[in-house]
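What follows is a single structure, written as structure tokens, with notes after it.
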Amino acid sequence: MIIVLGPGTTKDAIEYITKKIEDAGLKPLVSSGVERTVINVIGDERILDKNQFEAIPCVEKIIPILKPYKFASREFKQENTVIKVDGVEIGGNKIVIIAGPCSVEGKEQIIEIAKAVKEKGAGMLRGGAFKPRTSPYAFQGLEEEGLKHLKEAKKEIGLPIVSELMDTKDIELLLEYVDVIQIGARNMQNFSLLKEIGKINKPILLKRGMSATINEFLMAAEYILAGGNQQIILCERGIRTFIDHSRNTLDISGIAVLKELTHLPVISDPSHAGGKAKLVTPLALASIAVGCDGLLVEVHQDPERAFSDGEQSLNLDAFGKLMDEAGKVAEALGRTI
Amino acid sequence: MIIVLGPGTTKDAIEYITKKIEDAGLKPLVSSGVERTVINVIGDERILDKNQFEAIPCVEKIIPILKPYKFASREFKQENTVIKVDGVEIGGNKIVIIAGPCSVEGKEQIIEIAKAVKEKGAGMLRGGAFKPRTSPYAFQGLEEEGLKHLKEAKKEIGLPIVSELMDTKDIELLLEYVDVIQIGARNMQNFSLLKEIGKINKPILLKRGMSATINEFLMAAEYILAGGNQQIILCERGIRTFIDHSRNTLDISGIAVLKELTHLPVISDPSHAGGKAKLVTPLALASIAVGCDGLLVEVHQDPERAFSDGEQSLNLDAFGKLMDEAGKVAEALGRTI
Amino acid sequence: MIIVLGPGTTKDAIEYITKKIEDAGLKPLVSSGVERTVINVIGDERILDKNQFEAIPCVEKIIPILKPYKFASREFKQENTVIKVDGVEIGGNKIVIIAGPCSVEGKEQIIEIAKAVKEKGAGMLRGGAFKPRTSPYAFQGLEEEGLKHLKEAKKEIGLPIVSELMDTKDIELLLEYVDVIQIGARNMQNFSLLKEIGKINKPILLKRGMSATINEFLMAAEYILAGGNQQIILCERGIRTFIDHSRNTLDISGIAVLKELTHLPVISDPSHAGGKAKLVTPLALASIAVGCDGLLVEVHQDPERAFSDGEQSLNLDAFGKLMDEAGKVAEALGRTI
Amino acid sequence: MIIVLGPGTTKDAIEYITKKIEDAGLKPLVSSGVERTVINVIGDERILDKNQFEAIPCVEKIIPILKPYKFASREFKQENTVIKVDGVEIGGNKIVIIAGPCSVEGKEQIIEIAKAVKEKGAGMLRGGAFKPRTSPYAFQGLEEEGLKHLKEAKKEIGLPIVSELMDTKDIELLLEYVDVIQIGARNMQNFSLLKEIGKINKPILLKRGMSATINEFLMAAEYILAGGNQQIILCERGIRTFIDHSRNTLDISGIAVLKELTHLPVISDPSHAGGKAKLVTPLALASIAVGCDGLLVEVHQDPERAFSDGEQSLNLDAFGKLMDEAGKVAEALGRTI
């Protein structure tokens, strides 16, 4: 941590601050420049409360040097984490495609889609049973019934299941029915939920909040890791910006930066990022080119009749085309799909 | 709802869409322009699924005409909603100041602050017992113990209590100890939580998410209203933008727009918007000038030793000064404080 | 400047960097922490090229300590700069209102508005002769004819004139006709233009670019100051964010931060920030409450027939009402209008 | 254009508006819904001033239906525009790489880089002679001397030259020395400059402003097209958002959307988007995967000694590696490089 003091800071104030640092067992190193005095804090600064120092009137700014997360960092663990889900590995050389409808709408629907996406090469099946909807009047998901349909689809078709958890009270239910628990963008900083899923033994697919920085995203993962659950898949799904030609702005450089900063697998959700079917394949290819470990794609056998997110769902043909092109780009970069 | 069709849309496609509208009991009105055909939907468009229409290939865009929320709108209820909390009214002519520390740190601390802010004119006491913190390693709040201290402070000093609820499992606890339940910015779209607090009979202070549009904010309120709870105080607390000179960007026009669109009281949180003590009073005055119904202000008797948010907490003197100036601006605009 | 080195940086690399610093006549101070080595640069870091250091592979990040601008800073000049324009002072205790139409549309129009806004208390007249329009097919301004009308209005009514300069080739023209040269938001980083107006002796009203940071805004002012022109009025006019309920997002805290960082007068443009007539007065009052030195307001005698910006122009009655309320808020804070 | 009227709009007001539409030679189509009356305007709405209608009190909102640009649109010209620059074609199947230093620093430097990038497959040489710098104290470019060095490099090595124009007064100079005139992001809405380059016969590389929407970007191109110059290359270079892990946020979906909306070639600048050398290649690959027609890449033989942008410049080896990988991704998608 570096503490920059404003012009005119008194000797007494400097002593007060250095004492505060020493009292915490760290070492302050004062250097007085031409216009500013700067104090370097030597030691593990994470034990200091940055905000307490910022509250001291003469402090101009505080610059943390160490990353605030530990278990999520490449410095803590250099090699890539590979997560195994019922025989499917994510985080390795093979890019994993997780496909399926936004919402589970019925048993036949989910089985039909599961069959189709498996044939085209998907590695896991996604489908929402509990749906976070902006409007209280919109379809809210089939809840436990939906989870049952997903389990049925797995039994028939064999793909591992990814589905979203929205509340701590439903954890047991999800544990019973699904293989990967998804935490949605709106719950990325639902810390009560993060703490609870830190205690379980089930892979987590954690979506980035729509206005989360990379630091905040990794700190959300750190909540889960600190709780003991090491199986986390990070998912970039677009951030909110001023643009209006796509639903969100896929933070394509964020994928590259995440791959550098953390050992956890990083996947991309081109469906929510684009928000329109015709943008999904271009964004999927870009995500693979930039280095993601998987894709989360909304697929529906009849998007015009989808209960939710129809406008951004690929139909089965379009999904097949995505898989073809994604395979070529992956291969060009020495990966498989 | 207006449906704009792309160039070259066939007659068959138009018939398909108009039938879909009629099947829902609404009336389509087709007008063919020079370059585009447009379909107006007459009737309560909220029963249609916008996304299903967007999934039809020839549809270029969909423009909703009606507001997606109902109970939250001024059209539903024209006069201002005034919420009564233990004799304190919010939403009327008097601007209510809710002050107190970010976190409850102990019984003496909270009583000392409660006493001081009451003397200077605050109408309610805020204090966090459950704390949403970016880092799992930061102070997470005293939880039930903190709630007990708040209740003690109320008993001694008499101010109604505002404190944050983070998870559905703690609702009973909050109902027992506090007068207003706060929902934090990170939980604005925690729909499970919104549904549960829609069922209770206790005022809610709902903070705007840091990347929420005004529409999404009012839809979050609509979740609570649709559940039956009509006592909601909306709180603007700054949005996330590219700027870095304040913690967030206070959406000052958002306050004016909310006052126009909804009958619910609207307050401002200059502490989280500014993120620095010296910005709190200027932003508080601007909020009053633009028409807010109250302020939520972080106050601490010793910000340098605060367990959280020290850098943006006012000390007692600074809070006194804020109250003086706020009083003058309120009076200039025909309001009291 | 503080240089943070990545983990595993070699001794040789540290020596290479310290030598580079010493060669520039500055003093490096190396401190090795637990996980990172940090080099403080003592001396006037502004002579170093930050980007050259960032290009060195072992460098993790560079943190400038000194502000990049000099003449614009409060540290260079503590007391407020007061700019005199034909007897009108801006930057002092009196808040100056600059009002008028978006575009000059004719001689009678501008004289009628000038007369009306003067009666209601405006201190200067604004009116565009050269108009920066998003569309090449929109009205582009009356150009020199418009400037002549403005001069005529000044002769008849007596208010000093503010009008926009868009290109270096028109400087002579503007110098002849106007009292304050406005540089629009889209030209805030038109460095050729900034250099030229740095050489003239005429007050400049510099509008903040819609995605400019405060630092970039002050650096744009620094271009003009470094050229020798000390008469600059800074104007906050809203930034671009994800919100869509106002044309731009008035960065209300930016006004407070500017007043702290610079001695130059700071005014607010509630018309462009709000983009709708009904938002102009609330934003004007908030701007005064937060501490601005003036307002730039679009006023038109018949907004429905305005050649440009009709939707955000106040009619004469609404402007009168704004002046009344603005006067009360100013007075409450010990200022006049 | 669709005009949505607020609740309670009178018959007189509707008549007033329909007359205004008819007076402009267009046809109004009124449809009264349950809660709102809507007026469709049939005919070329671009002749109406949207803002004048917005200024009418009963108008709630205006929704344009037609795109505001004409010559830039795919509807105006369906097939891709291919621009020929000294034998190099841009906009066709072959992806063109434009490489070179941020600034021309001397004759030897530019010739050395030109030679190296040509060997590795670049199709054009970039180099700045007039530099838009945030700070007035930073290196501002060699100006005409730099242009001479570029011409010399072309003579020796043979690559066509791209260099930036910052001011109308330098057009003649640029016309003499360069093959493609670049307009920088900060000048995207310098309308005086756009009008002037609309009159010349030289290809233009137009960079997107850092907070420009796609609409505004295409309207800037429309200024040039409307002036008569049809040779425009559009360049996405990242937008400003809240994130701080890259210099800007590459709007990767923007590239796909531009390819759909316009016939003009679209290239990507991964150097300015990423702002760090290690992000350049990942972003370049993503840009190719999403469908761009070319890349603009900063390359320097010794980034640590670059006069500008050293931190985001690739050295020659890194550029060679980029070309190898870019070639593979291009080939996977049926294109060449």
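For reference, chains read A, B, C and D in written order, and residue numbers begin at 1 within each chain.
In the analysis below, a contact is a pair of C-beta atoms (placed from the backbone, for glycine too) under 8 Å apart; a residue touches a chain by one contact, two chains touch by 3 or more.
Note that the structure is a prediction, hence the values are computed from the model and not measured.
Ranked by separation of Cα centres from chain B, the top chain is D. For chain pairs B-D and A-D, the one joined by more C-beta pairs in contact is A-D. Centre-to-centre separation between chain C and chain D, using Cα means, comes to 26 Å. Annotation: 39 Å between the Cα-based centres of chain B and chain D. Mean C-alpha positions place chain A and chain D at a centre distance of 31 Å.
Shown for chain A are the residues that touch two or more other chains, namely 211, 240-242.
Listed in rising order, the residues of chain A touching chain D in the complex are 211, 213-214, 239, 241-246, 249-257, 260, 273-274, 278-279, 282-283, 285-291, 325, 328-329, 331-333. By the touch criterion stated above, chain C contacts chain A in their complex at residues 2, 4, 7, 29, 31-36, 38, 40-44, 63, 65-66, 75, 240-242.
For chain A in complex with chain B, the touching residues are 46, 49, 51-52, 54-56, 68, 132-138, 140, 166-169, 186-187, 189-195, 210-211, 216, 219, 222-223, 226-227, 240, 276-277, 303-313.
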